[in-house]
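Quick notes on the structure that follows.
Chain IDs A, B and C follow the sequence of writing; residue 1 opens each chain.
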Amino acid sequence: MTFTFFFQNVVNALQWGSFYALIALGYAMVYSILMLFNFAHGDIFMVGSYIGFGVATGLLYLVTSGFIPLPHWLVLVLTIVISMFLTSFVGVIVERIGYRPLRNAPRASAAITGLMIGIILETGNLALLGARRLNFPSLIMSRTYEIGGVFVTNKKILVVLVSIGLMLALDQFVRKTKWGMAMRAMSYDFVVVPLMGVSIDVIAPLTFAIGSGLAAAGGVLYGIAYPILDPYMGILIGWKAFVAAILGGRGSIMGAALAGFLLGFIEIFVAMIFPSTLRDLIAFSIVLAILTFRPYGFFGKPYSAKLRL
Amino acid sequence: MPLLQVKNMTHFFSGLRAVHNYNLVIEPGEIHGLIGPNGAGKTTIFNLITGVYTPTEGEIYLEGESIVGMQPHEIASRGLGRTFQNMKLWRHMTVLEHVMMAHYSKLTYGLVGAFFGTAKRYREEAEIEKHSMELLDLLGVAQFADQNVLNLPYGVQRKVEMARALAVQPKILFLDEPTVGMTPEELVGMMEVFRTIHREFGPAIFLIEHRMKVVMELCEQIQTLNFGEVIAEGTPEEIQRNPKVIEAYLGKEEVE
Amino acid sequence: MKEKRFYRIRRFFSGTPALGWLLGAFGAVLLESLVGDPFSEILGLPKIPVLFGVVIMLKKPALIPGAFAYVLLIYAIPVILFTRITAKGMNWMADKLDKMPLWFSAALHLLVLYFTLDLWAQVSDYRLLLIKLMLIAIMLTLSLNVINGYMGEFSCSHPGFMALGAYVASVFTVGLFMNDRLFGHALLPAGIGQFLFPIGLILAGAIASIGALVVAIPSFRTRGDYLAIISLAFMFIVKSLIENLEVVGGPRGLSGQPDWATLPTVFIWAILCVWTINNFVESTMGKALNAVRDEESAADAMTVNTRKTKMIAFMFGAFWAGIAGGLLAHVLRYINPGTFGLQKLAEVLAMVYFGGLNSVIGSIVGAVGFNLLSEMLRPLEIFKWIIIPVLLILVMIFRPTGLIAFKHFDIREILKPKLKMKERV
């Protein structure tokens, strides 16, 4: 194993981990603040990718037909921003239908509604667009740079930079703004905080909206990196990001992002050393081992989180 | 040989000293009180002796046998019953099921009996049901046997919890603020329950209590705890006169 | 208020004991097997409607009247007539049976149920397959309910347990009794295999419950959400492990299982499963699961061995999941690792929460209801997967713990004679 080969994989792992991290953030926010699993989240990622596809195709059409002359980079930025914005409404709707009516129900029931909404999103997509796979339009020209024998494409740089930028922005939002602080307060105690004038009916949709927006960014970036979309693309990546989110630890949103990157690294490096068919086996064995020794994740503290019936 | 003996018990919670050099001797049938201001470490001491936490240092003997490091259920089945400050009833179970559940360690039918419903199982279940009904009867709550505990008034819930603790056939009973939140009438009823229990089964009782009336009336020996340390120990009269206690604890009540 | 809802309908159907309903159903099925074919011809139906006419109605709306008439004349009217006319006699018999030992009465009812199912299944292979799958679904749902309902953990490892069971049982039968590409010649004659099949299944259950230790032991230290992840990781690991085991066919799967999972076999196993699980959860030892769920520290203080309890719950649940997996492998006669993935997980979870937590009868209703619904709506194609989730969401919103949750499954109560409900005053 040479040095360059190693760094090549670091780059790949950073990119792959970015997707997990972006999705895991949404899981972790809902989980930290509302103590719920949002099992529809992987499918929101998928929806975000499809919305990104629609937005990108539309914008490109406008540009090529000469209707609105936009530079290429602006198309890219607009695609990400508009997709995030539109997908955040999907998140709000999911909260409204699947979670708000169940706020006092056992948490496991809400997990089931999330699972079902996920299936509805997949099937709805299938019904609307059919079973054919879509090709994500190429928004940037692929370029490859060589740095000391390591090949880095501009797409990978874009994915990693945008992801990290969004994470930092989220971190600032949660730390500095009024709403962010309200969210953090809610994550400590969602019995008392509503008594202080912070309404859970505002915080919950906001949480879902932000989480969905991040997932949409992940979806668009995913579409740029791997331009084939299908309605079931969100399932496996979503469940794995869910694992990362919990691995990060409750109450630690950034922990989820780090765990997302960690999962990306584990997967890529396992595939580097062993045959790629063993990837899931070894990656999840590592997850299992981590949770056996740190039963409350990396940054989580022991707490009694029973799925109360 | 004392029934329960604790020697030099000290406990740290991640570097924070919660209990320091705690000693206790309880003889069979004795009623022992533990008082002290909120946060003094009273419930921690209960949890240490009952096995919820393992003390950082010190020895605990129940009937001469060291119980440090045992699981709570092992200690309980050796004859240590307890109640909780916030009762900890099981929200989906009936009153009778609560009391029967506390007979768990006495069941001998094993998995075969549980899976296949052997005759032995039905015999044992009938036995513990009979015993449970007797306990409920003694505490005057037998008429609620088939009701879910959550639907019952507070005073009844407290009695159910007491019956549950008695079902482990305790030689010593740990009561963690058993009268908290009770109305004066309920309090009188509860005092009567204590006396009934003590008369019928004669267990030693180790009692955390904030109501001085209860402590002074029931206990033979009282320890006063402050910041995890015993600051005074003695009979109710001695405790009432002890200036340290008045300063740490009773003094505040006089102001109120 | 709630009492008064549907009062008339409930009154109309009251007064018939379980025996009456079972015999009524048997009568209807008998009628179908005798006159079903000519009858459907008269009504203009291509063949006997397989699932109470629903599939036909959805496929060809023109046949709705015919299918409707068929269901009415073959099932509904005969059953209603039979139960009403014989109500008195049935109650007399139920009363006699009530005085006999419970096992005898239960066995008799089950026998009638079995013959009804058998006769109903003789009409088409599709029905036979459906019944087998439904019985297996009952086992799965019930065994998951032990962990997720009775003990209140959110375990995602059930497909993993099933996979272990399915592969162990398949290797047992295919390897020992079949000539096979993967395992070579049969070691033992296939003739005795049928009798050794239960051993293979028990082995399957045992291996699955050993696998359950991987989830059970971490459950001593952690609970709820983290355990959900551990169980999910376990599921992925099992699936990936099998994919990498070329001995059992790897990702291509394993086929050639002998056709030993006949209806009586599956039926008997399902009954055993319901019986032992119900026995367990009704015992004080089984109720310890509820105590651990509702307040673990109190359970511990009341002498309940919480570790043992958790271990039993996981291993017992996994045992039955393993057996169900083994049966499934022999019903489908082909398995691959993909069978036991996230989709299976969603399906089993849906059945448990649809039917009702902490309830044996709920699990039966959940499994049967979900499967029937899923098959009946098949003509709708993908829209089925919008309707079913919507239904489940509605169930969750209006009954968050499922349709029939926290109910005791009292067999004597179900079988005893029923009185006619009084006229409303």
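FYI, contacts are C-beta pairs under 8 Å (C-beta built on N, C-alpha and C of every residue); 3 or more make two chains touch, one makes a residue touch a chain.
Everything numeric in this text was worked out from a predicted model, so none of it was measured.
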Can you name the chain whose C-alpha mean lies closest to the mean of all the C-alpha atoms?
C
Taking mean CA positions as centres, which chain lies farthest from chain A?
B
Inter-chain centre distance, chain B versus chain C - centres from mean C-alpha coordinates, in Å
44
Separation of the C-alpha centres, chain A versus chain B, in whole Å, is 49
Separation of mean Cα positions, chain C and chain A [Å, integer]
36
Where does chain C touch two or more other chains at once, residue-wise?
293-294, 358
Shared-contact residues (touching 2 or more other chains) in chain B
92
Overlap residues in chain A, where contacts from two or more other chains coincide:
309
Given the complex with chain C, which residues does chain A contribute to the contact?
31, 37, 97-98, 101-102, 105-106, 108-113, 115-117, 119-120, 122-124, 126-127, 235-236, 239, 242-243, 246-247, 250, 277-281, 284-285, 287-288, 291-292, 295-297, 304-309
Residue numbers on chain C that touch chain B, as the complex places them:
276, 279-280, 283-288, 290-291, 293-295, 297-307, 312, 316, 358, 406
Taking the touch rule as given, give the residues of chain C at its contact with chain A in the complex, in rising order.
148-149, 152-154, 214, 218, 221-226, 228-230, 232-234, 236-237, 239-241, 243-244, 251, 293-294, 296, 342, 346, 349-350, 353, 357-358, 382-383, 385-386, 388-390, 392-393, 396-397, 400-401
Along chain B, where are the residues that touch chain C in the complex?
50-52, 71-73, 76-77, 82, 84, 88-93, 97, 100-107, 109, 111, 113-117, 121, 125, 128, 164-165, 167-168
